[in-house]
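Letters A, B and C name the chains as they come in the text, with residue numbers starting at 1 for each one.
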Amino acid sequence: MGERLILHEDRLFPIHPEARGVARRLYAQVKDLPIISPHGHTDPRWYAQNIAFSNPTELFLVPDHYIFRMLYSQGIPLERLGIPRTDGGETQGNPREIWRLFAEHYYLFRGTPSRLWFEHVLYFVFGIEKRLSLQTADFIYDRLEEALSRPPFRVRSLFDRFNIEVLATTDSPLDDLRHHQAIAESGWQGRVIPAFRPDAVADPEFEGFRENVRRLGEMTGEDTSDWQGYLKALAERRRFFAGMGATSTDHGFPTATTADLDPSSCRRLFEKARDGSMTADEAEIFRGQILTEMVRMSLDDGLVIQIHPGSFRNHNTPLFQKFGRDKGADIPMRTDYVKALKPLLDRFGNEAGLSVILFTLDESAYSRELAPLAGHYPLLKLGPAWWFFDSPAGMLRYKRSVFETAGFYNTVGFNDDTRAFLSIPARHDVARRVDCAYLAELVCDHRLDEDEAAEVAVDLAYNLVKASYRL
Amino acid sequence: MGERLILHEDRLFPIHPEARGVARRLYAQVKDLPIISPHGHTDPRWYAQNIAFSNPTELFLVPDHYIFRMLYSQGIPLERLGIPRTDGGETQGNPREIWRLFAEHYYLFRGTPSRLWFEHVLYFVFGIEKRLSLQTADFIYDRLEEALSRPPFRVRSLFDRFNIEVLATTDSPLDDLRHHQAIAESGWQGRVIPAFRPDAVADPEFEGFRENVRRLGEMTGEDTSDWQGYLKALAERRRFFAGMGATSTDHGFPTATTADLDPSSCRRLFEKARDGSMTADEAEIFRGQILTEMVRMSLDDGLVIQIHPGSFRNHNTPLFQKFGRDKGADIPMRTDYVKALKPLLDRFGNEAGLSVILFTLDESAYSRELAPLAGHYPLLKLGPAWWFFDSPAGMLRYKRSVFETAGFYNTVGFNDDTRAFLSIPARHDVARRVDCAYLAELVCDHRLDEDEAAEVAVDLAYNLVKASYRL
Amino acid sequence: MGERLILHEDRLFPIHPEARGVARRLYAQVKDLPIISPHGHTDPRWYAQNIAFSNPTELFLVPDHYIFRMLYSQGIPLERLGIPRTDGGETQGNPREIWRLFAEHYYLFRGTPSRLWFEHVLYFVFGIEKRLSLQTADFIYDRLEEALSRPPFRVRSLFDRFNIEVLATTDSPLDDLRHHQAIAESGWQGRVIPAFRPDAVADPEFEGFRENVRRLGEMTGEDTSDWQGYLKALAERRRFFAGMGATSTDHGFPTATTADLDPSSCRRLFEKARDGSMTADEAEIFRGQILTEMVRMSLDDGLVIQIHPGSFRNHNTPLFQKFGRDKGADIPMRTDYVKALKPLLDRFGNEAGLSVILFTLDESAYSRELAPLAGHYPLLKLGPAWWFFDSPAGMLRYKRSVFETAGFYNTVGFNDDTRAFLSIPARHDVARRVDCAYLAELVCDHRLDEDEAAEVAVDLAYNLVKASYRL
């Protein structure tokens, strides 16, 4: 009945015994550190309501675009995976059937981080010691379903068991943060905080932008038909978020373009955004101006700014029309930082008290642009290897390209950036292991003494994250 | 008399004994698998006529631009290497002298894949156990020349000895495939099939395009002065190629640009191509439209489409004028896929029954664009590391950048892509060894169990190639 | 009192004992070879006057933008590091205080090449066996200060002790080379030669370009208000430099753009440069034309041309205004070579007697553009991993991306490219170690025999540098 599933205690460590030994010793110091999760996409409602996850398919497959994009790429229609259609058309409704389909195609995930995360969850969260296959699909499904019905697998119990010290969600300025409010009032000790993600009211090309800006005005009592009122409304929502525990904003614009225009140009641009007469180039500049305004507002409220550029969202137009956003069809693009960030940097680049964390989906920028920028400007720090690069080889490329130029201390440790709550410890564990593997390399070729490597390992796993995100 | 030449049985395997052991075991399962060569540039006449290769210089040097580009880069004139001049000017005519020149400069190839392939051929095909040098040049030349005169070294015998199950050539739509016909009628069991490479009739900037299109009309009886007639003629030639065993087309356009224009725009564009009034930008769009038409035609004939963009052909203008095409002066260019392929993908990207195989000469696109695209669109698969990257380090970079995101099963195994018939087993051997070295890495850091790695090794070497190319 | 500082004899070598053994044997053959330093930025006055370095802070920190950019990136104002302000404003004047600040933040340099170089100097040049920290700061400062006051630490003694066979400085055409003259006349045997760096008179966007061109005219007696006179003046200064021992020129333009215009276009362009009416695009073409003229002049004087493109100089405008050039705010940019170099290559690319050495700050160009170009054109060679990439991982990426395509012999060995005289042996030692580590890899996976690797190691460390720079 299938192969045994064993998560080897030395997984992701170097093969050579000396280096493996160093990696083990370093890892021993970080493996049980609390999890700081400063950037992710889990749903605050889960924690507010202390939900139970309904079934294995709803838990692992339907929300995970890493999983279903792979299955889709091999010709399996999303309907067969139970992904809801925007037109309400029929899709597979039997979660066990979907699970079996996943199991049958499980070999597709060989060599991918999804596989590592999935098996970590099976083994450590659920104690399952069989590898998924068509033969073991029902057995595993049953075991999971049974576990999910029990209290220790409700979200708050898992949060505690996972040793999560703090976790940020990602929230729209139009969100009233009622779930965060409920968490605060519930008496539960878990620290779940919002992050301010204003794309819906800050990107003129976002669906419903004009209506969103109108609602922003309603929520804040500011006149958002006017540039100054609009800025006040944004600042007001930031203050509200900060009051609810937020320490950061997040921006998923297509490029890293920034702008620093005079007020009258801003006003004219905003008028075009408001009346819908904006060109694509103007929208680009508008978003760039917003980034600069966001940093400026941090002078007041201290929020850390995160910039996540470079994704061509919803690249697959027919699929988008049929299934909507976030269906695994976002594709990275070449991204410039050197010229794009200059207006922002000319204004705030030398502010040591502010912090902008940069991410990329264009690895060629690591050594060419990002490490040199972060290794110079007090304002800038580098976020971890992101999205497709949140993987063992992806993280090694990042480390080898970034640390020699920017050092460790212009980076911010790890983000799990996930919607998949159960995979959070798995992702942090992979990150910590790869940290230790990399550091063991430096120790064994005598670039770093082991006592220093041990400090760096703890800093990457814990201290740098807390400090960078002001947590 | 020179150093011994030894091809170590563990070459290209990891150094660490545990990983080396895994690599050996994996390799034992793939080393004797038949060779599937779905993409290459050998001459079908060779197989039709069962030729003997004339002498070592004609065999190894004159057709191999990897070899003479290196010698040329160090200041050796192509005339001294016997490369024919387009003006018929004098060149070295004594093959032994050329061979000696090669031997004298053999040190230039240290660390290159050419060296690996060449020594594999010497050792395994000809049983020569001396390293090439000025001292051993004559000895080796004599041994090779003697062997080449004997029947076991005629091309069909070698084809059988090499255990080639199927080999594709690359052919113009204007080719009557008489050599493929002759092979079919000869009673020889070797499977040599054509591939449809229409650049000469599909790229308005190809030398002689207009005349070529006229001849295409003659061959097919279609009116190729008209867009619809031209498309019919292309479809007709594809059907003819498919009837002769072809399973794929191949396109070597400078970029990956695609287009999906309405019929009247196509017609107007074609008229400009036909009367020679086309601008460079229009030619680019025309080629992009052709790619989309090619995929559309696959709905009928099932051919797999290969796109090989990104080479600046004949970059060295003075050299091109003196010696013509394919003289080692093609230089890779930065290549965009995300925006370039969108028109094609919007139309056919979700067709699970069709297949487009993408290649690149821009490694920065592996992780940023190609793996994410192939890991999502049912239409797309990734070809192997191409041309300059068909090398041990090149293949490792490919694997480490691609497999974590696209998995193994959105790739298509290995292509040898060579004109150098004798090097085919050498190239497949290098590829299989690097596959096993990479997989051994995954096994030893416990990302993949060895039973699965063994399946993947066989899939990469054999099953995926057959399936992807429908062979 | 702090940790012991030990520079392990196997630092930067592979971990596996077999590979380490090979690396050790290779390194034993190169470690004591004389240093050839064909490209660097030390001050010729030092050698002319046989200076003593004043104190540890002046020696290690103030001139080293690698060091203070890292400290600055973490919020330490340049004023506190004693960097002079252009407005003469106050800065920290106590070198010991600055040293303590450095020591306190020494952990920032973990994993960086600056750390490797610094500790090499402490240990091998000064015999210090303590790691820098706040605890050891004064002890080390005192030891260094004491040593610097003694004759063995004057620059000529160190030059001899470092076994430097030849060292090039970088000099403006407007420099009268009086220090080089003084060195020549001093009777000291050290070979210190100039290199011709004409940016100040060749880049219309350089500060003071017009005045500089006027002075060029004065120095040479040519009419530099005229294109032909200007060219004659440049040629004349090149001849003068060559007479003083120079064997190379160097060009730090923002891009690799070249041009090959007809004389009347050149004349018109030069007129615009001269009267200050030039656009940015025209300045770009002008610089491109200069590169072509520089290569043409090498037909006469034999100088090797070095092209160092891709740096966005003084990216931090406020910092530039306050502290001037070279303050760690130069940021690499994406750089094209394939189209940019074509005009130059069409004219001189096939000249085997000339030599252009290319550098890059855009690693994505290594395998895509630079190795294929250098592996074909007789004119071109590749310089070593530059600036931010002069680091262990940076050099390995270079080797793995370049050597398979261009071979070893289209590259030129190592440049230290430094202003930090004391770090020269450290930098060459790191380079030689990484060479040996890389070659050991090739030997151990049986791509290269050890006798050949030993030859290559010596070629990279010594022979190729001398030959490529005609030293």
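To be clear about the criterion, a residue touches a chain if its C-beta (ideal position, glycine included) is under 8 Å from a C-beta of that chain, and two chains touch if they have at least 3 such contacts.
If you're wondering where the values come from, they're calculated on a predicted model, not measured in any experiment.
**Q** How far, in degrees, do you have to turn subunit A to put its CA atoms on top of subunit C, rounded to the nearest 5?
**A** Rotation angle between the two copies comes out at 120 degrees.
**Q** Would you kindly state whether over half or under half of the residue numbers at the subunit A/subunit B interface are used by both copies, giving same or different?
**A** Looking at both copies, the contact residues mostly diverge.
**Q** Could you state the distance in Å from the CA-based centre of subunit A to that of subunit B?
**A** 40
**Q** Return the residues of subunit B touching two or more other chains; collapse runs of consecutive numbers into ranges.
**A** Touching at least two other chains: 14, 16, 364.
**Q** Where on subunit C is subunit A touching in the complex?
**A** Going by the criterion above, the answer is residues 3, 7-8, 10-16, 69-70, 72-75, 107-113, 115-116, 131, 312, 315-319, 328-334, 361-364, 388-389, 391-394, 397, 437.
**Q** Show which residues of subunit A lie in contact with subunit C when the two form their complex.
**A** 14, 16, 18-19, 336, 338-339, 342, 345-346, 349-350, 352, 364, 367-369, 371-378, 380, 400-401, 403-410, 441-442, 444-449, 451-452, 455-456
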